[in-house]
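Listed below are the structures to be examined.
There are two complexes below, and they share subunit A, which is joined by subunit B in the first and by subunit C in the second.
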Partner chain A sequence: MLFFKECKKIIFSLIFVIYCIVLSGFYFTQFSNDCQYPLEKPHEGQTDYGTISKEVPEIIMPSAIEGLVSEYLSGEFSAYPYGFYKCVKLKEKDKKKLVEIITELSGISAETLENFDNYEPSGYIMGEDGNPVYTNGNIPEINIPPMLTYDDFRELMRKADKIIGGGSKYSDENIVSNFSQIPKTYEDALAEYEQFCKDDKITGAYARLFCDYMGIDLSILPVFVAVFLAERDKKSRMEQLVYSRKISSAKLIFTRYISLVFTMLIPVFITALLAYAKVKNIYPDNELDKFAILKTAVYWLIPNIMASSAVGMFVTEITSGLISIFVQGTWWFASIFASSELTGSIRNFTFVMRHNSLLGYDIFQNELHTIVFNRLFFTIISVLVILLNAVIFEMKRRGVFNVKLFENRSRKSET
Partner chain B sequence: MSNYLKIAAVNLKHNTAPHLLLAIVIALLTSVIFGISSLNESESAQPLEMFLSLTGIVLLTPIFLPEQNENIRELVRSKRIDYLAICLIRLVYSVIFLAFIFGIFTIIMHHCESDVTIQHFTGGFASGIFLGALGFFFAGITNNSIIGYMVSIVYYIGNFMLKDNLKHWYLFSMSSGNFDEKYWLLGSSAVLFIIAFVIIKKFRK
Partner chain C sequence: MVNKIEISHVDKFYGRKKALKDVTLTINQGMFGLLGRNGAGKTTLMKCLATLHTIQNGSIKICGIPIENAKEIRSITGYLPQDFSIYPTMTVQESLNYLGLLSEIENSLCKKRIEMLLKRVNLTEHQNKKIKALSGGMKRRLGIAQALLHNPKVLIVDEPTAGLDPEERIRFRNLLCEVAEERIVILSTHIVGDIEATCEDIAIMNNGKILWQGTVSKLLENAYGKVFTVNVDKKYLAEIKKQFIVTGMLVQNEYATVRIISENQPEIGANLTEPNLEDAYMYCLYSNDCDISGGV
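Now for the complex of A and B:
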């Protein structure tokens, strides 16, 4: 049977061995490393329970406005438009637009901002005794207009973010975490821990962590396996042989695709079982959901493997393996660095989903509808891409589609 | 000598041009994705180490690519000039291009008032050449460039998560103020190039 032949071919290939090594390497250095000790239950009287981002208008508004005025006076804005630091300097016309926003937010007039030359940033400076001392800095006095509502404030901050070029501290994604961190109380910390034990049944939380780590790898590794096999067929001129066979193009392409996805899932399931054993080992007396890691891996990771393999097969079919790797690499890179948040930033089209925390059950539950849409979207798109691949393969077979874009120029080498 | 120059020119035109173009695209993207103006010393290291270093993979991994086509390999074997000498020529001019890309990029950063020195150039280049050397080595010994790309890209990804485990071979050390790792990266790259050539000469010529 073709399916088993294809599976055998993949399993005994060098690239699959490397895939398994890399995947298990990731499992042991990342997930397994985070499972050394159980999550500690908070105790009353602890000095610190951590902080939590809470959208409190009374805290966000003054601190964000102060931040905006301060950055404007320094002439430089910190931003992470693609996940990496960028120091933004505004052009004159953008500065004017921003001054209007600052005036609306802070009551500071354009003239005051223009003529203010005693600006000092807040932060730590070295004191006379050699110890760091916090200074408040020096900026014009801020008087938030009483008529300014929180919605107006957020809208103005959105405009400011747009002027800066996106990814600034004032963007919807970052404003709360940057300007409204409040200390957790014992009750907050305990409630979170209870959620971890009861709602998540512990393994639910570890399942998200497992998929978070493995998803990073599984969003790019399958493309190499798919390209390797496609290129190997090309090298050995299998195309010519296959073209003359009876089998339909759709059946051939889909069988190859399914066997690719199936074989690449085997090490994922093995590591998922290892992950369960690891969690059971550190929580021997707790009630655990035995199948949580496996279930989460199915809906979280399969779409990643499917999409990455589909890109590998399709782009190699119409162009070359190198272009496939470049396309998938760019997509992976853009997805990984699109958000600076590692938890709670899953959107409709987020390819690499992140939830790098054992806590945050409610954040994940709030995102569930988005996650269902997201995973279905990538599954359907992958199937459509493979369908298109089958159509192109059939056209090539009939001699209709013989143009090969970006064909490897090495074939024409004069050396 | 003129023969070798001719070989370099022909290879450059037919084999290296697309990869060089891709490296230039990555360099252009780096300047768009990262801001490259008014960066302090450690911020300046980031675009060089974390993004521009990918040009090393693009330029050095495909050195053996043309001969991975069986027909070309047969043809090349029948020629008087040693196949590995041709690969060496490709390697030398690819490394020169890599240095050139890092050099130009560093000069542009300097003009954009970023705090860059010759150390930034060397450090970024060291990360780039090491990634490329990894790809070169694995592509060479397995006779498959896809494996070369896979290993070097996985190593690159690993650097975001395994900082402490990688020790002297950490690619982004300059961003956290350390430069010693760069000597290790440069030395290891040279070792990888030599071992790859020795293995190919001994076992797969």
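Now for the complex of A and C:
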């Protein structure tokens, strides 16, 4: 069968061996490394149970306003407009607009802000004994107007974020996680641990961590294998032999695509089984969901492999392998850095989904609808791209589509 | 189903360049030779027949099937491209198996066909060799085997003997003649010797047009009385090349025996001689006002 022949072609190629080595290397250095010890059950009287983001207006409002005033006085704003860090310095007219917002939020007048010259940022400084000491910094006194509602506050912060250029600490996406971290109580921590054991059956949590790590690799590595396969006919000068056969373009392209995705899943499933064995080893007495890692890998990782392979095949078909790698590399890079959060930041079009924590079952459950949409979206788009690839292939086969740009070989022997 | 190819008033453009100009041909069962120099349009015509190029004007019917029905045409044509190559790391057997799958041949039939074809092209002993280990001649024979895998009614072979040594070339030509007994074989080449040894029906192409179509004997007949030989001192060779179309020369010491083409008996002591196919081909180009100044 053609499917098995195509699989054999891929499996016995050098690029596939490299793919397996890189993937397993990532598994052993990242995921496996995080599975050395079991997650400790919280004990009463512990000094620290960690923190949790919670939207508490009484906490967010003063701390966010203080942050805004502090950044205004420092003259620099931290932002992640496209996922990348940016130090924003405002123009005079934007500063004026921001001062109006600050006055409305904090009661600090424009004159006070203008003439305040004893500004000191909060944070750690070196103490006299050589140890770091936390200082509250020095900014004008903040008096939040009593009439300012939480909704007004959020609206003003949205405006401030817009002036800064988006992606600031005051944006809707970031304000809660930046300004409302509250310490977990013993009860919070215990409830979360019980959720980890009962709802997640432990392997559910490890499945997310596994997919978080493997998703990074599987959003870029398949493009190399796809490019190799797509370039193979060109390099072996097999195109005309293939073009002149009876098989339909759609059948050939889809068979090649399916075999590509299938073969690339083999090492994923093997590492998923290894991951289960590893988890079983550190939780020998707990009840585990045996198939959680495999199930999660199927819906989480297959769309990444499909999309990355589709880009590799399609772009190589119309241009060249190098451009495919560049296109996919750019998309991957942008997606990885599009969010400053490692958990709870999955959006409708997030390509590389992150959940780098064993906890956060609730966060993941809340995102489930988005995740379903997201994964279906990338699956459907990948199939459409491959369909388009089949159309282009048929056109090339009939000699009606000929992209000369980036082609290595000229048409010397055409006549 | 009619076993012939009907090409009628075909035009083909590459951008603005007209690669085929009003090509009209009828090709019947057996060997058919398409002769022409490099750049004449032979490969373009071959690719049009193999559905690898679309035509802009005119029509092509292969065994009664319009060329637009690409899938049907592909199932009845075998194609050996000029630039023939297969995945170098596959074995002979594996490559034929793979191409059989692409031709959608039923598995057990494919195995039988491979066995029979390997025997026919004398590659049975080499079936487990990797493609990269085959000689040029073996690769060409494998090329024929792959093109015949689905037992096509039409075999299109484009410049198949280029780069082969004389022994392999003869073996290959004989193989083509054998397979032509049961199908249409179109041999495109710029090597007159290949046509002379294999084809009776031929067409000559130049600059995208069909200059001439007919039998080899008719082409030779046209050149009767136009080919002469003359023995001259070597120092006059340059002068003779300027005045006549020279199709061959044999230099011995100070003298050279030169074959020339001329409409009339040259007044330099030339003797009328029997034309060969090379002479006839050159005469055809000459009589059709083709630029052959860079000729022999």
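By definition in this document, the second predicted complex is superposed on the first by the 390 of 415 C-alpha atoms of A that agree within 3 Å, B and C clash if a C-alpha of one lies under 4 Å from a C-alpha of the other, contacts with A are read in each partner's own complex, and residues count from 1 in each chain.
We take it that contacts are C-beta pairs under 8 Å (C-beta built on N, C-alpha and C of every residue); 3 or more make two chains touch, one makes a residue touch a chain.
Please read all numbers here as calculations on a predicted model, not as lab measurements.
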Note to self: Contacts for A:T47 in the overlay, against subunit B (first) and subunit C (second): which applies, first, second, both or neither?
What the structure shows: neither
Notebook entry, point to check: Should A:G399 be classified as contacting the first partner (subunit B), the second (subunit C), both, or neither?
Noted result: second
Checklist line | Larger contact residue set on subunit A - subunit B or subunit C | finding: B
Next item on the list: Applying the touch criterion given at the start, work out whether A:I216 contacts subunit B, subunit C, both or neither, answering first, second, both or neither.
Entry: first
Notebook entry, point to check: First (subunit B), second (subunit C), both or neither: which does A:L241 touch?
Noted result: second
Next item on the list: Considering only the touch criterion stated at the top, classify A:M1 as touching first (subunit B), second (subunit C), both, or neither.
Entry: second
Margin query: Looking at A:V22 after the superposition, I want to know if it touches subunit B, subunit C, both of them or none. Which is it: first, second, both, neither?
Written below: first
Check: In the superposed arrangement, what residues of subunit A touch both subunit B and subunit C?
Finding: 411, 413-415
Notebook entry, point to check: In the complex of these two chains, what residues of subunit C are touching subunit A?
Noted result: 14, 19, 38-44, 47, 50-54, 70-71, 74-75, 77, 79, 81-89, 97-99, 101-104, 146, 150
Notebook entry, point to check: Inside the complex, what are the residues of subunit A that reach subunit C?
Noted result: 1-2, 5, 9, 12, 232, 236-238, 240-248, 252, 397-400, 411, 413-415
Margin query: So in the complex, the part of subunit B that touches subunit A is made up of which residues?
Written below: 7, 10-11, 14-15, 17-18, 22, 33-35, 37-39, 43, 46-47, 50-51, 62, 65-66, 68-70, 72, 76, 86, 142, 144-147, 149-151, 153-154, 157, 161-162, 165
Notebook entry, point to check: Residues of subunit A touching subunit B in their complex?
Noted result: 14-15, 18, 22, 29-30, 76, 79, 81-82, 84-89, 216-217, 220-221, 224, 227-228, 231, 235, 321-322, 325-326, 329, 406, 408-415
